[in-house]
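What follows is a set of structures to go through.
Two complexes are shown next, each including chain A; its partner changes from chain B in the first to chain C in the second.
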Partner chain A sequence: MPQNEVVQDLGLDEYKYHFITEDEPVFRSGRGLNEKVVREISAQKDEPQWMLDFRLKALEIYNSKPMPTWGGDLSNLENVLEDIFFYVRPQDKMEHSWDDVPPNIKETFERLGIPEAEQKVLAGVGAQYESEMVYHSLKKEWDDKGVIFDSIEDGLKNHPELFREYFGTVIPAADNKFSAMNAAVWSGGSFVYIPKGVELDTPLQAYFRVNQEQMGQFERTLIIAEEGSKAHYIEGCTAPVYSTESFHSGVIEIVVKPGAHFRYTTIQNWSNNMYNLVTQRAMVHENATMEWLDGNLGSKLTMKYPSCYLMGEGAHGSVLSIAYSGDGQHQDTGGKVVHAAPNTTSQIVSKSISKGTGRSTYRGLCQVHEGATNAKSNVECDALLINETSRTDTYPYIEIEEKKSNIGHEATVSKVGDEQLFYLMSRGMSEEEAMALIVRGFIEPIAKLLPLEYAVELNRLIELEMEGSVG
Partner chain B sequence: MSDAPILSIRNLHAKVADEDIEILHGVDLDLNKGEIHAIMGPNGSGKSTLAKLLAGHPGYEVTDGTVTYKGEDVLELEPDERSQAGIFLAFQYPVEVPGVSIANFLRTALQARLDEGEEIDLFDFQDQLMSAMEVLEMDPAFAERPVNDGFSGGEKKRNEILQMAMLKPTLALMDETDSGLDIDALQVVAEGVNRLSEENPEMTVLIITHYQRLLNYIKPDHVHVMVKGRIVRSGGPEVAEALESEGYEEFRTVGA
Partner chain C sequence: MEGVTDALNADAVQSLASGAPEWLQNRRLDAWATYERTPMPSTRLEEWRYTDLSRLLELDSLEPLPWSKRTFDRASAPASLDAALEADREASGRVVELDGSVAHVELDADLAEKGVRLLSLRDAVEEIPEVLERRLATEALPATDGKFQALNAALWQDGIVLVVPRGVRMEDPIRVTRHVSRTGQAIFSRVLIVAEPGSQVSFVDEIVSEDLEEQTLFSSAVEIFAEDAAQVQYVSLQRMGRGAFHLAQQRTIAGKDSTLDTLNVTMGASISRLDLNARLMGPGANSDMLGLCFGDGDQHFDHNTSQDHDAPHTHSDLLYKGALDDRARSVFRGIIRVAKGSQQTDAYQTNRNLLLSEHARADSLPNLEIEADDVRCSHGATVGQLDQDHLFYLMSRGLSRPQAERLVVIGFLGEVLQRLPLGGVVEKVSRGIEEKLNG
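Entry: the complex of A and B
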């Protein structure tokens, strides 16, 4: 097995999946972002003209927008983007069964536990390797129910009208610089359609990783939950460590129709040289519920604020997030809720942990439009600082145009205190064990909402991260 | 061998870390296996400092003297090592650990005592926990509550006793366990300590208290009076009774 394994001592902040498998991409775009690259991507994907036009228009928008000056430090990003390959495709065709997946790619998956996941009736594992779906299985019952769970490319090919009706409607290319970039070069991601009244007990899961040096990943996911449907989509990401800076910018669009219930869970654990700038938004209609459950670990800088636009009366949105910032990392995360209809309710709960020189920022917006009477929103952000050098900031923006509404905001900052550590250590736990237990307790209110295997994985990651936290 | 004290303190001087305030000015004390000792003293006498220092609290620094536990220098050990060696401190102010259930907390504490690669047997653990709670007349639901989070004073102290029951110490240091308790809660806690003491007659107990009233329920073999960082008088239970009627006034001058 040709393999160039980089093994390092799994000490402080060492990335867990630090390995690289060699493979030969079939096609790779040149470095940097320009019209030629965009045309190549579209041609490679054999797209209809309207999509090429959409991409080219988005590129124009991208070029016209300045780099954001708020949030994290993006000063080095322009240099990074000049060096990135915006498109890499590892294989020509989609794989449908595990046996057909080539061995080196399979090995990457095996290291990430995909086969076990498959065996454990997780079903419907859509794993993204580099920029494309290479492996995708879909439970038969979902087919029978009319559920579509495809790669985004197949969504466009096989369901062109449905796709075009919703694509780019929740997050237009012009929304922000990075949504424009994504719109220009998107590749990979999922297309999900849940028909009216269909309820899924088993979550839909996509598991993907970036594995090509200096390759940007621009996944795009579009989800439509029809009236009265109920489903849960889970996405987990992980990427190997490289010395040069890397970049990820995804766009997730979700439409939650009247009375539907949708939950989107992400646990992201990027390598700590990654810029992770993601736009995710849901349009939530009458009496529908949207829940974002978001865990952000790793990356150099993450800027991510899942949002709910509560468009119909009685809509509910919640954004629950956990952010972990280790040495040199900045998690600039939070949530955004827009109350555009009466009797809408929302909840943002954000928990951040900063260790070493890590920095966590809560940035949230709660907006109540005029006429959204009896809107209720509750925002709670709690920050935990592990060391004296750790940092946290809170930026809660509240814009209320409707007097008959009820908005609450609470923020706490706690430090792991000497007295608390001593208490746990006096019971026989080492300082690291004590620290890990305190952190686990801190995130428990959100972690308990995760499916068991994810909660276990998250706890394990936290334990690894807490190694060497002492001193 | 059996005559060697389990804990031996000689000429112990200690100060607040980061400050030049000496609190203990030469403490001498011997505790033998299975004995129950009480140290009584007014506020600021240094009795709580002694208890915390023995458990390894980072806020205090020993400047002179020795502390020998089971024949070894305990001052070199970290708090977790002391705990694993059998020293337990029941806190005067138990600390909240939000989101961590008592069961999970205790399981982690017991797991920490095992060698690497060894896993605690969850069924054994559950049995142990339930029987300890039964002995202490506690509702099993208590084990699922987050450690000390939103607890009443009495609940916090009972949680300390439950931890003591599960960790089975050789030496239990009880730092003002009676403070902030009403008489009913005091009785329950004292009853708990007595039962643990009966179950494990080899356990040595050092009770730190300001008031005599706890000693109505837990009978000490030896009582020491501490004033201004020194032990100024030692004797049997009668010392506590004398204090009850006379107060600390007499000793203040002695200690000066």
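Entry: the complex of A and C
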């Protein structure tokens, strides 16, 4: 296939976040996961007894559950988990002013462009370095309206009742092996509360960075969007490339109250030695809307299926997912929608690009319970294969118990067609321009929903890789 | 040693094996050893996720039915068998099987002269052992494929073998009618079809029974080979009565430039499980895979299909449709696998389900695993109720709601039949649908 040889690289492979910051953490747990580590983490955070009990119970659950045998290749994971540090505390306390962040950490985030973005386009920023949030700030106008945007630890300290009412209710520790692990050793992440009727017009952003070799990051985020509120939360993730494997396992719980509208965007660009096993779920109440926008570009293996439980009449959930798998990468992603109330609607759109020996898997669930009348759901998966060695899989589960429902699933797999390339080249484009245009067109339905700077970044990366690829 | 019972055990295999040629004895005993060491499939396995055998299969109460010489007398045929034969049309050959033993075989004299062989599996062991030694439970459905493949390979009592020599084309189908009357039994039967290069054949495999008081297992293992440029159509029509557990394993192997199409119609039995694996082994091979089911009462249908593209320039297209009334449920799990190097492959898969009652349930898992880049693959699945616009249109033309609903259901399922409009089959299936709608 000439065009496959011509287009050696589609992009997104070149990892520009590989830089290591020299620093000494103020505290580091022992390697591996055991009760001592869990007690240490809880003590470091000066937690109430109920949280320690919760963690210890979760550890028991974790130990009792077998490793998943589906999804990606987890055969080496147990070895990795024996060697990593489950908790690394980079500094003594979290800062609310950028100037107070220690210089080496500050430099890291400056290289990632975070302070600049905060000034320009964001309502609030949180930054996590290793196991702890090192910086959190929220613009004053939102603070005045009662919005809470804080580290999860401060959420527990400063809003104990609100916290306890919701924590662990959307994703119980026993949900799966990795949610149990997270429940035992969670550290960092955001606590977000949007009061009734408040609409944030710019996004909140959290940035996650793993700097140390062989560490595990286990952030936990809890978001409550009160009735009629509206907000958008973005997370971004990077790490340097080490020869050993690292591990990231987050848990994101979101409660979307009646009439509220919440969008959660992830742009994951972990280094390709990272296992990224994340559980994300939203409870969506009456007439509320939840949108997951999930971009998976990095990591060695990602297993992540953002889900919407449509609990109230008229609730709407959507998952828009884009995955890029380069050499050696496996993106096992998708989405879950559970219709548990009448007149609920949902949509899953998944686009994946597999290049080199990359493998992209769509795995999804659409479930309609009896009594969820007039449920409507539509799932669309498109996969683009660039090379002979690339692989793609589609595993949807459709479980329908309600007659009055309308459920559809469609998927296509294709390569960039000779006819498409020929047409564009006959109009004067070079082969690389044509290829870039086709790939951009393929991801466009999702890219256009990204905040501008991410959309530009995505397109730029693709173009960058097209340049000079005709030899 | 899960699944070894007072009746289904090594002694039963020994007694079937004794007196057989050595290769066959060994094959049965090896299959039994495989059965013994293979765990009973549980819902922890993806392929059995929605069919819980520990709850649905009463293995302990099943007795394997010994082979016995049966004779067929049309005059005293039971009602369901009589009706099935009555509705048949012209055929190149006919077979009647009673409780798993072949009782009657006839073949057009011209075709017999041209070398076509149509015979019972027991006779084939005597007459064409070289074909069986090479093909029976080896390449297509070996015992090592799974628990029930092994059980059938160890305990089959009879079956049907068809060999169509090079270049022979058969105008009319071979029609097989099977009848089950013995309740509480386990019947193991096999079909082997070998279509040599350039030959052409259609094969209609119908099974009927009255309602059966106790659970009765009918296990069918079907192996079909379409050699280079052969054309084969295989149709399975399952209209067993309640009480039956129909367990069908089918594997089709399509050679270079061959066409190997299948149609599986599932209307009867309390529980029906189909495993169909279509393998496209030669460039230019083509398989259409059609399925239609209509469930009511508390029928449980589970269809597990796979399309394996192991050569470039191969084409497969699957369409399975189901209508479900009352508390019936259906499962469709299908997978398209495109192996590395199988470039220029087209593979499609569509599953559509119609829920006609509040309590019916449909689960659909259309999967893709693609390891070649120059392919066109797609799949689609839908679950829904009767199209309200269609109903409205028909009712505005003066039809009552029940009449309009019937038409829409018939139209929905009829699409499948149009894709493989074999004489006799269309009428039988249409009548079956009508009966269900009236029921």
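Assume the second predicted complex is superposed on the first by the 424 of 471 C-alpha atoms of A that agree within 3 Å, B and C clash if a C-alpha of one lies under 4 Å from a C-alpha of the other, contacts with A are read in each partner's own complex, and residues count from 1 in each chain.
The rule we apply is simple: contacts are C-beta pairs under 8 Å (C-beta built on N, C-alpha and C of every residue); 3 or more make two chains touch, one makes a residue touch a chain.
Remember, predicted model here, so these are calculated numbers, not experimental data.
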item: First (chain B), second (chain C), both or neither touched by A:429; value: first
item: Partner chain(s) touched by A:410 [first = chain B, second = chain C, both, neither]; value: second
item: Greater chain A contact set [chain C / chain B]; value: C
item: Partner chain in contact with A:52 - chain B first, chain C second, else both or neither; value: neither
item: First (chain B), second (chain C), both or neither touched by A:445; value: first
item: Contacts of A:392 with chain B and chain C, given as first, second, both or neither; value: second
item: On chain A, the residue positions that both chain B and chain C contact, one per complex; value: none
item: Residue numbers on chain C that touch chain A, as the complex places them; value: 46, 340-341, 343, 353, 355-385
item: For the chain A and chain B complex, residues of the former touching the latter; value: 417-420, 422-431, 433-434, 437-438, 440-445
item: Chain A - residues contacting chain C, complex; value: 1, 4, 70, 368, 370, 383, 385-415
item: List of chain B residues in touch with chain A within their complex; value: 55-59, 78-80, 82-84, 88-89, 91, 94-100, 104-105, 108-110, 112-113, 146, 163, 167
